[in-house]
Amino acid sequence: MEKIFVETTSHTEFLEITSEVEKIVKNSKVKDGICFLYVPHTTASLFINENADPSVRKDIENYLLKLIPEKGNYQHLEGNSASHIRSTLLGSSLSIPLENGSLLLGTWQGIYFAEFDGPRRREVWVKIIKD
Amino acid sequence: MEKIFVETTSHTEFLEITSEVEKIVKNSKVKDGICFLYVPHTTASLFINENADPSVRKDIENYLLKLIPEKGNYQHLEGNSASHIRSTLLGSSLSIPLENGSLLLGTWQGIYFAEFDGPRRREVWVKIIKD
Amino acid sequence: MEKIFVETTSHTEFLEITSEVEKIVKNSKVKDGICFLYVPHTTASLFINENADPSVRKDIENYLLKLIPEKGNYQHLEGNSASHIRSTLLGSSLSIPLENGSLLLGTWQGIYFAEFDGPRRREVWVKIIKD
């Protein structure tokens, strides 16, 4: 299993990791299969969406911040319940098909690490499953 | 990898694709494993839910349209930010167990393609992973 | 494929199943791969989040109950549309990496079964995919 290390610089932040994942896929020499990504954190997630216009990510981020308010009637005393809820909604793993030794993403798709309780040093674990 | 082609006819639409997926599983002759489905689009998703009463899908659709309003304080100029947010919440892939050469769905489960920015011609990619 | 049986005692309830999953992983004798979990129900889900402070789960639960109200302008006559919507948002499967014959979860992560229409007897299906 390979690891991608991510340094986030804000409380909430979406960082594209497509090229780091692609590098691991190339090094694995696996031609066909699935690339499985896993986040071992409880206040961070992964998602796939548009990588052309950055305003799309900004709209997704703003929406999530508004939908799950930072302050609320939360019981958890650490003050980061909103971060746990956001990461639960987006989930902790992704799978992407591989063909001819490359990630098979759609034309407009990029892979994003979603930080919901930064800034922190984070990890994304990568496993390549052969067909 | 196999492809399912989907023609959507509305802006938002949930289309059942269970029988198309089952056909690909049968043709693969794989007995046990996982069927992996992937949507290469950034304004469409996949989900599994009830296939008996169609009003369940209608309730899910109406809820998502209300939760993520079509018009909002969005930055993305193409006007389809709500479609990107909806597809980010539902995700871009599904995995379903296979046994004895068939999809192993629960009694009430069907596989749905979720169009959030139609009408369009769309694709679902299917990969069968052997045990 | 192995099965975990879950007895829920409330309408909405999050039950930790990490140790049951770990037991199946150990028995499988598989050293490296992915543990795939699947819920064959349309009003229940799986998620991964913090297993240290139980108030985190309570905050996630309270948030979902408020976000998707029990009573609404729903068409489905069985009265459990909110349960279907909640399970659609959280999804019906999880994948977790395996290494050295163990689940490779993050320090604070636990695996949860999310009941949204209990009390009921439920199943979680487990498949171990070798590397």
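As written, the chain order gives the labels A, B and C, with residue 1 at the start of each chain.
Definition applied: a residue touches a chain if its C-beta (ideal position, glycine included) is under 8 Å from a C-beta of that chain, and two chains touch if they have at least 3 such contacts.
None of the values given here were measured: they were computed from a predicted structure.
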| item | value |
| --- | --- |
| Category of the chain touch graph - line, ring, star, complete, other | complete |
| Subunit C against subunit B, contact positions shared by both copies (same if over half, else different) | different |
| Distance from subunit C to subunit B - Cα centre to Cα centre, in angstrom | 20 |
| Sequence positions of subunit C contacting 2 or more other chains | 67, 89, 91, 95, 129 |
| Contacting residues of subunit C [partner subunit A, same complex] | 32-34, 47-50, 53, 55-56, 58-60, 62-63, 67, 89-91, 94-97, 99, 104-109, 129, 131 |
| Parts of subunit A lying in touch with subunit C, wherever the complex brings them together | 1, 36, 38-42, 67-68, 72-78, 81, 84-85, 87-89, 91-93, 95, 125, 127, 129-130 |
